[in-house]
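Here come two complexes built around chain A, the first alongside chain B, the second alongside chain C.
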Partner chain A sequence: MRHGRYPFIVGFLIAPVTIYVTFVIAPYIQAFYLALTNWRGVSANPKFIGLDNFERLLTDDTFWKAVRHHGVLLLVLPLVAIAIALVFAFLLNVGGGSKGGAMRGVWGSRFYRIVFFFPQVLAVVIIAVIFRRVYAPDETGLVNGLLGVVGIDPIPIMADKNIALFAIIAVLVWQAVGFYVVLFSAGMASVPKDIYEAAVLDGAGRSSMFFKVTLPLLWDTLQVAWVYLGIAAFDAFAIVNVLSIEQGGPDGATTVLGMEIYRNAFSYSQFGYASAMGVALFFLTITFAALTLRVSRRETIEL
Partner chain B sequence: MSVTPDGTSDLTRRTLLRRAAAAGLLATPAAGLLSACVGGGEDEPTDQAEGEKSATNPLGVDGKAPLEIYIFNGGLGTKYATDVHVPSYKKSFPEAEVKFNQAEEMATVLQPRFTSNEPPDMVNNAGSKLMDQGALVQAGQVQDLTELFDAPSLDIPGKTVKDTLVPGTIEQGSFNGKPYVLNYAFTVFGLWYSDKLFQTNGWAPPKTWSEFTALLDKAKAAGKTGYAYAGANAAYYQYLVILTTAAKIGGPDVLKNIDNLEDGAWTAEPVKQAAQMWGEIGAKYMNKAHLGLQHTEVQLQQNQDKVVFYPSGSWLENEQAKDTPAGFNYAVVPVPSATSSDKLPQTAIYAAAGEMYFVAAKGKNPRGGMEYLRHMLSKEGAKGFTQLTKVLTVVQGATEGLTISPGLTSSEAMLKAAGSDYFAYRWDTWYKKMDDECRAATNELMFNGGDANKFVTRMQKVADDVKKDPSIEKFKR
Partner chain C sequence: MARIDAPAPPRREGLPPRGHSGPAGERRREIGLLNSLAHVGLALWAIIIIAPLLWMFLASFKSNTEMYLGNPFSLPSSINLDSYVRAWNEAHVGRYFLNSVFVVALSTAGTMLFGSMAAYVLARYKFIGNRIIYYLFVSGLAFPVFLALVPLFLIVNNMGLLNTFTGLILVYIAYSLPFTVFFLAAFFKTLPNSVAEAAVMDGASHTRLFFQVMMPMARPALVSITIFNIIGQWNQYLLPVALMQGEGAQEKWVLTQGIANISVQAGYEADWAAMFAAVTLSILPMIIMYAFFQRQIQAGLTAGAVK
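Take a look at the complex of A and B:
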């Protein structure tokens, strides 16, 4: 039977690999090449200029501003989103205590599960448009309307340099939580019941059950969530593009690399320079993913 | 004449390359996105259609060659093309097939066609996703229009196309002295208000700065926001007004120096003074919430009589047509005189030919493209355009005797009063980066307690940066 094996495997792989190479690998290579040119997007033959674009990046204030914003996103987004998602998932699955030997969620957990997942169903742009109304700077906005009820003057949320970025992070968290609740729920479901039973018998309360049983057994899932959210923190383009004022404003206070790439490519026609930013972003993301996986490596608990 | 495609072998090679490069669509996040055909296809000229020149066909159009045009579908709509200009062209060349196309995102649709050297013949490059015109010119994609402007007018006897245009039109579309682009719509800028609101309150449109602030005080007392613009996406309406004031104080050369990236053009006294005066208006009479609003939202507030003055171009009336209550009666005044020693009179205005139309140099029928522009520039073509869009064109006197709408009448009167005292700048389209910076700086000045000094030094810095950047092509006027 052996002789038929390779043609069999090759037959399966040829289509996906071709598609992957054509639509993923080749464009990456092309972007790397474009980053070394001064292509402006309209001529057929870009000029090769070596590493000039990368030299320019080093002194570009807006670029570094965007990188700093990714730093903030990277710190805040995964931490907040994972924390909230964990709490919710715990409440939905184990928070109701045990009954008849099985762990149960809090009352109405089936309903909450659906509600939490809602934002995930909406397209990102729709979310941004919705939040443009939520954050509207006068009393017609949801937030400012509520503030008005308690007698606080409207705050121009997206127009305030100190608030805008955090308002955007809040949207990203709101959108992400639902997915991670589901992810963690699945993780918790795979924890064998008898471990929980044993913990209950030993007199563990809800909090020690969470920190001493659930969390360690979820470690793999957490690690995955962290990498996903980290990569999401390097994106945020769609929300920033639609929600922020002046696309990344006010005054660059919410800009991200995706936004700057887009601006340089399509509004300044500096495709070469934009590609250089893209390459920088590529390496940032790869470095982050590799680092996270390495640093958070732990011995998996065999169940 | 011949519109044959390149040889078959060549075609396959190019199709192949393009397909490979279509992969660029997914390039690291965005950059390769519209690349289509990088490095594919040399800059070889395609065979271009040409016919016999004659008195009725001064540009030598091949009457049988198909013509492909692309019109931006935005505030002006596309009806003016389909109902006026295309029929006009077909009347002269009944055998020609005119392929009409429209798009809302010109760059998304057309950039790949330019990179693969298969552009449509005539393009209306407009909208927020327009292609970088300077980059197109730099890449040799745009047809030199000298021949068109020297040709006789279609229906104004004894005049060349050039003679029929409002002065400054050709310069507005020139890049380093050569005319490449036709800016067709003639837009006047000023402060817009509701004539009805003024009538009911017995207010008179202000001419001097003290009259202006006095009126803003009255508006404030009446519980209205005296002055507004939308910070979220229309800060350029406001910097246009600031620079208009600067030009009034120091003369139009102030703007010329800015365009030419002269040293210290922004830190010059008139610019500083204008920024100072407008900054005070911002601090005293504006609503901070408008920083977070879009232009349509603020314009709607004006239609609801919550806002008194709104700076804009003459497209405003058409743009707001659906939301304007009956009897609102749009009217416009020039930006008030700043001081008693202004170099330009109170009637001086910012007015410019805008809305770019160009012919692709590497298209299949550039002569047909130019001829199409000649039809647009005929008296009938211009009149039809104004009737359908309520926007003036660069063709002189094309709307004589027409009464179309209160706003148009008001802007025509303003233009007439200005005489030859109108001016414009180009830096915002030449150097997009400065445009972005100026929007941010303007919002800071008007809403966030920035001061004039900060505004001018910030702008001077970005102007100096652009000047030093070798990758950006510089233009002069």
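Take a look at the complex of A and C:
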């Protein structure tokens, strides 16, 4: 077994490590350097300008708009998606009461789970394309068509500064809920049956079952969901790029950092500045992750 | 509705059946009401999920006059497949579709091969630098792709791989490796040593041990992560729009990119029926796959989170 061990190890690692370092690690490292240059376009020579790009970021309105939008996304998306998913997961798994000591879901659980999860396998872009029509500003759109049926005049959903961002968040929630229903269901399935049995014996109703049994035992899974949705809140590029008008509009009302990075890099050829935004996004993400881990650290219940 | 009060059947543990004397009747009514509410909520969400998809599917059969002048909720007057022909040929959805199939087939195969090789060596062999390489891979999970976007574009450009399938496939593989390695390494660690030792006794080389003993044993994990990668790469958007752009790139666009472009370019005179047909065509493979592998897909996509 000793024979040929190192050639084997090297042989197996060389291709994956080379590809990975070339296309992932090297760009990440370069990004930090590029952020300190004024590189504009492939042919030009980059010049080192220190922290100028970051100074410019501080006074860039669009940048701050994007950061604020990430804040809104970070607040609304996880809260709404997790709340809806938790309630549904509870209904689908233990909402049907107990039979023979085993908790079960309401009638049709399997069907609901399949339907709810489906948007998860669709590309965000394709969903955005569909919702471009669903949100169409006249009555040919699904939402305004429905409003027309009840006699409300069409609303220019994506053109209204106050509505557009929330319309986008609604689509993200629409897609996400099913995933978390399945995730929480898996978590609930791993809660030992006797705990529910004991709760039923003690006369727990469904709401106290939910708040006093299911929720605390699901803490770890909730934390994972929070982190996932938080990371999603720092992305949102694909949907903003396709669904919003003028890619982040109207007037920057829906823009996100990914959108601005893409625009600065590929429309304005401001490679240095776009990289600086990338670095800012990186630090925002890391801060979020660190804060989440700190805040949510709590004694887990040993089963 | 009265499930909770049904007499418990005799159970193995021999617990006495639970009696619900006292406030049982009151509780039963409360539960009846909650149950109906639960069903209303669940059915409503199911409709919210299905409605846009069904609406789009039905509209793909409509003529453009019907689309603009008709009631948006009417059924198409006839099953008209013209829009599909227009989408496939004139809007080039056929080409985008085949491009996507080609790219994803090769990149998923590559991801699985390289990912499992790296994961296996990192999980089961001790050598200097093992931990460093492992954390190098895992650290990729923590960085947003946007940070790498500009340098990645420049690197791919310098290698002359911009607007090529080779470039796109290599980049897909590279960005799929962190999760694939992380997940599979954890799985390879759990495989028993005894089987591997027996194979070595029989004179199997390291390479044979991997391909003929370990890979078959890791099948469940490989299936989950393959599904995860197929869906992730099929739905990828940021990487292709960054790397397949400029003159002549349109020939090589993948499906997500192509359809997004049709939709964004479409003005008020747009051929919506053809666009809906294009979207339906792009969703169809997912629906078919989901119908057959629903359980595996749910397991595959949630795999990372449950770990």
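Keep in mind that, in the parts below, the second predicted complex is superposed on the first by the 278 of 303 C-alpha atoms of A that agree within 3 Å, B and C clash if a C-alpha of one lies under 4 Å from a C-alpha of the other, contacts with A are read in each partner's own complex, and residues count from 1 in each chain.
Note that contacts are C-beta pairs under 8 Å (C-beta built on N, C-alpha and C of every residue); 3 or more make two chains touch, one makes a residue touch a chain.
Predicted, not measured: the structure shown is a model, and the values here were computed from it.
J.: For the three-chain model obtained by superposing on chain A, do chain B and chain C clash or fit?
T.: In the arrangement built by aligning on chain A, the partners chain C and chain B clash.
J.: Touching A:17, do we find chain B (first), chain C (second), both, or neither?
T.: second
J.: Return first, second, both or neither, reflecting whether A:237 touches chain B, chain C, both chains, or no partner chain.
T.: In the superposition, A:237 contacts both chain B and chain C.
J.: Looking at A:210 after the superposition, I want to know if it touches chain B, chain C, both of them or none. Which is it: first, second, both, neither?
T.: In the superposition, A:210 touches no partner, neither chain B nor chain C.
J.: When the two structures are overlaid on chain A, which partner does A:63 contact: first (chain B), second (chain C), both, or neither?
T.: So A:63 meets neither chain B nor chain C here.
J.: Per the overlay, which chain contacts more chain A residues, chain B or chain C?
T.: C
J.: Taking the superposition on A as described, I'd like to know which of chain B and chain C A:251 touches: first, second, both or neither.
T.: A:251: touches chain B, not chain C.
J.: Where does A:46 make contact in the superposed view: on chain B (first), on chain C (second), on both, or on neither?
T.: It touches chain B, and chain C stays clear.
J.: For A:275, decide between first (touching chain B), second (touching chain C), both and neither.
T.: Touch status of A:275: both partners.
J.: Check whether A:267 is in contact with chain B, with chain C, with both or with neither, and answer first, second, both or neither.
T.: Once the two structures are laid over each other on A, A:267 reaches chain B alone.
J.: Thinking of the overlay built on chain A, is A:26 touched by chain B (first), by chain C (second), by both, or by neither?
T.: both
J.: Just one of 291-299, 345-353, 363-371 or 417-425 in chain B runs into chain C once the structures are overlaid; which is it?
T.: Only 291-299 shows clashing C-alpha atoms.
J.: Between chain B and chain C, which residues of chain A are contacted by each of them?
T.: The answer is residues 22-24, 26-28, 30-31, 34, 42, 235, 237, 257-258, 261-262, 265-266, 271, 274-275, 277-279, 281-282 of chain A.
J.: Please output the residues of chain B touching chain A within their complex, sorted ascending.
T.: 20-21, 23-35, 37-43, 107, 111, 114-117, 129, 131-132, 134-136, 138-141, 231-233, 235, 287-293, 432-433, 436, 439-440, 443-444, 447-448, 471
J.: For chain C, which residues count as touching chain A in their complex?
T.: Chain C reaches chain A through residues 3-4, 6, 8-9, 11, 15, 18, 27, 30-31, 34-35, 38-39, 41-42, 45-46, 48-53, 55-56, 59, 67-68, 71-73, 114-115, 117-118, 120-122, 125, 127, 133, 136-137, 140, 142-144, 146-157, 170-171, 173-175, 177-178, 181, 200, 205-207, 210, 231, 234-238, 241-242, 245, 256-257, 259-260, 263-264, 272, 275-276, 279, 282-283, 286-287, 289-290, 294, 297-298, 301-302, 305-306.
J.: In their shared complex, at which residues does chain A touch chain B?
T.: Chain A residues touching chain B: 22-24, 26-28, 30-32, 34-35, 38-46, 135-138, 154, 156-159, 161, 235, 237, 245-246, 249-252, 257-258, 261-263, 265-271, 273-275, 277-279, 281-282.
J.: If you look only at chain A, which of its residues touch chain C in the complex?
T.: For this pair, the touching residues of chain A are 1, 4-6, 8-9, 12-13, 15-17, 19-28, 30-31, 34, 42, 84, 87-88, 91-92, 95-101, 106-108, 111-126, 128-134, 139-142, 145, 149, 174, 177-179, 182-183, 186, 200-201, 205-206, 221, 224-225, 228, 234-235, 237-238, 241-242, 257-258, 261-262, 265-266, 271, 274-275, 277-279, 281-282, 285-286, 289.
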